[in-house]
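Heads up, the next two complexes both have chain A, just with different partners, chain B and then chain C.
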Partner chain A sequence: MNKNYLVLAILMILLAVGLLLVPERQNYQQIEPEKLMWDITQTSRFVTVDQVAQMIIEGDPTLELIDIRPVADFETFSLTNAINIPLDSLMKPDYQDYLGIEDMNVVFYGNSDINADQAWVIAKRMGYNSIYVMQGGLNCWIRKIIQPVEPDESASQEEFDLYQFRKGACAFFTGTKVEAPDAGKTGIKVVKRKKGTAVAGGC
Partner chain B sequence: MGPLIPQEIITGQWDFVIALLIGGAFGFILESSGFSSSRNIAGVFYGYNFVVLRVFFTAMIVAMVGLLYFSYFGWIDLDLVFVLPTYLNSMLFGGFLMGLGFVIGGFCPGTSYTAVAIGKIDGIVFATGFLIGVFIFAEGFPFYEGFYTANDLGSITIGEMFGVSNELVAFLFVMMAIVAFYVTWLIEKRVRKNMTEYKFE
Partner chain C sequence: MHVHELNPKKTVITMIIFVVVIIAGLLTIRSPRLKYALTPEQTVLLTASDNGGISPEKLELLLTGSTEKVEVIDIRNHYEFARGHIPGARNISAVELLENDNIKWLRILQEEGFTVVIYGKDQLQANGPWMVFRQIGFSNVTVLLGGYQYYLAYKDNKTQKYAPCKADFNYDEVAKASVADGEDNNQPAKKTTIVRRKKKGGAVAGGC
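And then the complex of A and B:
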């Protein structure tokens, strides 16, 4: 037999044995640091409390709200149809099924932005897409949806519309009686200059 | 980093360029292994020449072990590599039919083209018949679609099927290949001793 064949056969066997000996590698699919950096610096991951309220009211089937606060907080108060995944359990295998659902938009929220944003970064690192953060968290939700503040008389029509929407949303979520819109105030067209954009976020 | 196209390191438009390069290399290896001769190929059925078995087994174990090492070093993500779905019925039948074509015609589809490339008439006849067969198969596909897709096991690997690691499967295949090389070498030696018509060496 040719000596070269013998050498090659032994080499092949050694390589194959080597495969059995090397420790198993976790093939964790990770997002590139540059891409993560780009995603983090974009503000497109934020949705406003008004957008979330509207989606809940309209019964948007693609909305998946995830409450990342501890269980006790979740049981005290949570948004309609939210799922509770405490931040420290986000990577548990039991919860992975909630994150990668096709066509679903996952919205994280906490008491403020910070924990939800952390959850967002972790989920992004795990390779999930279509994930968002509710800007301002529940604090912003209470301030804007549950206790909306009436705008100044000199405010733009858009701000009044938003206020009306928030009052309606408040009634939807708290069950309080809806007052008829105060035509006297919203009717006054004393708008001097129109502000370019609708008030969104800012918390 | 790999596979390059699914990871979007290069665009899918490179598909054909890469296919051309790999095809050229594949044809070159086939021809230099002596696969353009139908005697070499049919020899595996008569026991005087096992070059087909050796070349394909070698290619298989080198690719297997190589890919697993690549995966270990993080150069390729095996989860993104395309795995051909297994249709059990059509693969069993197709394997039998291909073997039959192999021993009767003396070529397999790829090697018939290497034979065409060096101007062999039997290769040209085989390749023409092969194209006619492809045409008939494609035109009549609706008739046997049910059989074709029956027993669909999906994109399954041997390791997944038997619940063992890919590394173990690769190791077993390497062992199997080495044993096969040795046994076929013994058979070849014995058969060739009694042969007078053909001399290969």
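And then the complex of A and C:
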């Protein structure tokens, strides 16, 4: 037998042993730090509380709200149909199933937007797309939706429309009785308006 | 007997090509410029334990009195920076943070034991970059709580304690207080929801 074959065979075996030492591949595809930083500098990941309220009221089937507060907080109060993934268990496999569902827009929220943004950064790093952060968090939700403040008389029509929408939304979420035509009308009115100019006013 | 065994050189050539290809492969493995030093799990722990950086009071102290080596980076754009910034801050806007020169500079700072404080217009703006820096191994990078807005308020002595992640309200009570005489529909319908979501994409298959 040719000696070269023997050498070749030994080489192959060595390489095969080498394969065993190759680090195990993770089951998710991480994005590179540069890409992550680039995505972070984009503000398109933020949705306003008004947009979220709008989607809940319309029953948007693509909306997936994720509450990143601790379980106890979630159980006392949460948004409609929200799922609870406490920030510290974000990486647990059970919860991973809720991310990355096709055609779902995941919106993270917490008390404020800092923790939700942290969840967003980690999820983004792991390659999940269609994920968003509710700007201002629940604090902003209460201020704007549950306790809307009537704008000054000098305010623009848009601000009044927004206020009407928020009053309607407040009625929707708390069950307050509001004059029916008012709530109904503004509901439709704002549907038209909302899409483009949602950026107005941050918490 | 195989044909090429008549020519022993052929196996030598094959072997050489084989080895050369493997060596070439090893040499050209793309080594990424920046690597994650923390796993996602560790990052989760980071967010849980280190609730973000340094208060303006403490920064002030570091910048004036102490002997600790501090470098402050303002990640807002140049225009905002020009309109006002923390004295001694260096302006590197968020999109430029990972440029080669800046990474080199940060590595030097890290070796020399500097604390690097980054801030944006609010804490949210600096939160992402801070997390990226921590994840790629700059453990000396910290974030200014509340960002520039809160720093200015602190300077004007209009501050209350900055607690961004606390609930400002007792949500449940506030929501209930707003209820005049309706029923409370804030109860999470979580059990049913979870079942529904878990279904994933399977249902799509087989329409008519």
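The rule is simple: the second predicted complex is superposed on the first by the 171 of 203 C-alpha atoms of A that agree within 3 Å, B and C clash if a C-alpha of one lies under 4 Å from a C-alpha of the other, contacts with A are read in each partner's own complex, and residues count from 1 in each chain.
Definition applied: a contact is a pair of C-beta atoms (placed from the backbone, for glycine too) under 8 Å apart; a residue touches a chain by one contact, two chains touch by 3 or more.
Please read these numbers as outputs of a predicted model, since none were measured by experiment.
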In the overlay, answer first, second, both or neither for which of chain B and chain C A:L6 touches. neither
Can A:V71 be said to touch chain B (first), chain C (second), both, or neither? neither
Can you tell me whether chain B or chain C touches more residues on chain A? C
Taking the superposition as given, does A:D113 touch the first partner, chain B, the second, chain C, both, or neither? second
Which partner chains sit in contact with A:L15 here, chain B, chain C, both or neither? Use first/second/both/neither. both
Go through chain A and flag every residue that touches chain B in one model and chain C in the other. 5, 15
Which part of chain B faces chain A closely enough to touch in the complex? 61-62, 65, 68-69, 71-72, 74, 77-79, 165, 167-168, 170-171, 174-175, 177-178, 181, 185
Name, in rising order, each residue of chain A that touches chain C in their complex. 2, 4-5, 7-8, 11, 15, 30, 32-34, 36-38, 40-41, 64, 73-78, 80-84, 87-88, 90-91, 97-98, 101-102, 104, 110-115, 117-119, 121-122, 125-126, 138-139, 142-143, 146-147, 170, 173-177
Of all residues in chain C, which touch chain A in the complex? 5, 8, 11-12, 14-15, 18-19, 22, 32-36, 40-41, 43-45, 47-48, 52, 94-95, 97-98, 123-124, 127-129, 131-132, 135-136, 164-169, 171-172, 174-176, 178-186, 188-190, 193-194, 197-198, 200-201
Chain B partner contacts - residues on chain A that touch it in the complex: 1, 5, 9, 12-13, 15-17, 19-20, 22, 24-25, 27, 29
